[in-house]
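Listed after this line are the structures, all set down as structure tokens.
Across the two complexes that follow, chain A remains constant while its partner is chain B and subsequently chain C.
Up next is the complex of A and B:
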């Protein structure tokens, strides 16, 4: 279970107070709130990248050296890739092999992109690659931070249909961060409205 | 009768690499005082089109055709990625370099895109995705060019902030008579502000249409499919996709 209680973060003079939340296996929780409130900072905390300044965070255990069961599909995917590596090299680093190949078609990743570098594919294409990278077999919770924000509406719908089936099959807990309330209402069990 | 002056002409513009054709020859005109949207699937060539309008394409790609502007007129671009911001300079410092002589003071300029002084004092890595988008848009629009190309200017912004920025862009077109080209995958927003919409698919122009025609269903099947895939319309789409 992922749980956040009375938690907050401080960046210099900026203080962020997070809402309490609990995410169970198989649950889809939406997070809706205005820009700049700290939604991506919350994602960083849950993914274990940013330590809390205050409060409690409960995360699933995992062995040292193994992949974090909480994966964060980052909003600005252009910052998530080593620009010197090809897409295939980046995917192999996370997957430790070519197991990702079975997901390519489902998430609209074309084999032709694999030998390109991040700068040679579009923002929307990189976003799909980033999602495939986060769906490694050990993932139990996935933080979907605006994962379809750079995608056209038709592709967005296809991605969510694929992720819906995958999450159901693997009992993945999903935290879906989006500014599209219609989307959250369609893909989530509950939606948390975070206000300043 | 008032006739709108053509501002930017694109004639048989195409982009290709050794392996493939990324943008098939396309021609269109953009006029002063209008907001034109460009919509299409990711990878359909929208951002390449934007780069081509500024006369540059990534290394390894070749551009042919013609983009012509009346003499002395300029184009500014708001990039899709915040990685174009200088990581070593505060946002305010980067924006002030773009202010034209004679423009309003810096505070009122910041208000145009709703950036607070506190945010302006941050470095790019301290900005949220949405705030970075506002900074990118300010950097492009403050240059007072005749033409602004905005590549996904509101992606990552909440609905009210996105609406504010789209309305700001529409005002630049209607009040300052600037030509605005907005590239977006968000048809829902474009329908509310665009005068015309160019629809791209796999590097070719499907059609140039208007929001009114799309809402009435008087558009190409691909354009209509994009409209149907807006989350608020999903229930109707599910049957079509199946």
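Up next is the complex of A and C:
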């Protein structure tokens, strides 16, 4: 279970107060809010990248040196990849072995692109690779931070469809952060409205 | 980097510099002995750079001086670069380490450069050893600062944070994601530092704090030549000075070509709004 209570962050003079939230396995929770509230900071906190300044955060336990069961996918997928590594090398960052091939097929990524660099494939393709990289077998929760905000409708639909099936099959907990309320109503069971 | 050396000018200049160093190493020192009959001869085919006030062939002395300068300078720069990389990596460990490294850089950068060099050279007992230590201990701050901010930018990049998320060990993350971006910058920084160090070495020797004036070194040659300038023996300063200048210019040119090639290569880090 992923839980956040009375939490907040301080960046110099800026203070962020996070809403209380609980995410259980198999649940799809939408987080809606205008830009500038700190949605991306919330994503980083939940992924354990940014430590909290105050409040409580409950995260699933995992052994040191193994992958975090809470994975984080960001909107700008081009920043999520080391520009010097090929797509295959980047996928091997999380996957031990070639298990990603099945998922690549599911997400519609052409295997021929594995030897390209991130700058040599399109944003939509890169975002799919980004999700495949995050969805290793040990992943229990996925924080989707505006993952389709910059993509066209058809690509958005393909990505969400694949993710929907995957989440259902594996009982993944999804936290979908977006400023697109229609998308959240479509994809999620509950939508949390975060206001200042 | 490979692309930089594919350019004909860069390749030619690098080969020229290499040839010069090999020539200096192989050049017989037979002409450099005292020969009072041949003193103060202007440049000719027999003596390309002329001879000095003791009749020694200036060309062979200049080559030996250049070699000595490259050796001491290279050693000092290698030491300086190692210090810079170590401190920059240390600054990544935690907040306290970062604070200490920044303070150290600030302190060293606030001191007058030449004064610091002289003090360090004296503290380490002068001569070649003192000179190397003085250059090594005074030239790291700029490179440290550069590397430290490069590393900071990469540490904030999502792909770096994600690599930790996938459970990779800190060492693997640094080796795979940090060093490949930083090492080229570090090498170029070192090459750029080299002409800088050579000039300062010559300056220190000129002022009398550096190498032994008996052995040929660029600073010693120039400082001795300055006493003979007014007597019309122009070649004593101009020829070794020109040789030093040309090798420094070639080095700077190569370093600049490397930087340009580096900027055209894969981008080092991201400059995205919220991740900056």
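One rule holds for everything that comes next: the second predicted complex is superposed on the first by the 196 of 196 C-alpha atoms of A that agree within 3 Å, B and C clash if a C-alpha of one lies under 4 Å from a C-alpha of the other, contacts with A are read in each partner's own complex, and residues count from 1 in each chain.
Definition applied: a contact is a pair of C-beta atoms (placed from the backbone, for glycine too) under 8 Å apart; a residue touches a chain by one contact, two chains touch by 3 or more.
Just so you know, these numbers come straight off a predicted model, no measurement behind them.
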First (chain B), second (chain C), both or neither touched by A:49: second
Partner chain in contact with A:94 - chain B first, chain C second, else both or neither: second
Touching partner for A:79 - first (chain B), second (chain C), both, neither: both
Touching partner for A:121 - first (chain B), second (chain C), both, neither: first
First, second, both or neither for A:146, with chain B first and chain C second: first
Which superposed partner A:40 touches (first chain B, second chain C, both, neither): both
Touching partner for A:182 - first (chain B), second (chain C), both, neither: first
Partner with the higher number of touched chain A residues, chain C or chain B: B
Which of chain B and chain C A:67 touches, first, second, both or neither: second
Overlap of the chain B and chain C footprints on chain A, listed as residue numbers: 40, 76, 78-79, 119
Chain A-facing residues of chain B, complex: 39-44, 47, 58, 60, 80-83, 119, 126, 128-132, 152, 155-162, 185, 187, 225-227, 229-232, 234, 237, 241
Interfacial residue positions of chain C with respect to chain A in the complex: 157-159, 161-169, 176-177, 180-181, 266-267, 270, 272, 274-275
Footprint of chain C on chain A - complex, ascending: 40, 44, 47-49, 65-68, 71-72, 74, 76, 78-85, 93-94, 117, 119, 133, 136
Contact set on chain A toward chain B in their complex: 11, 33-40, 75-76, 78-79, 119-125, 127-128, 146, 149-157, 179-183, 186
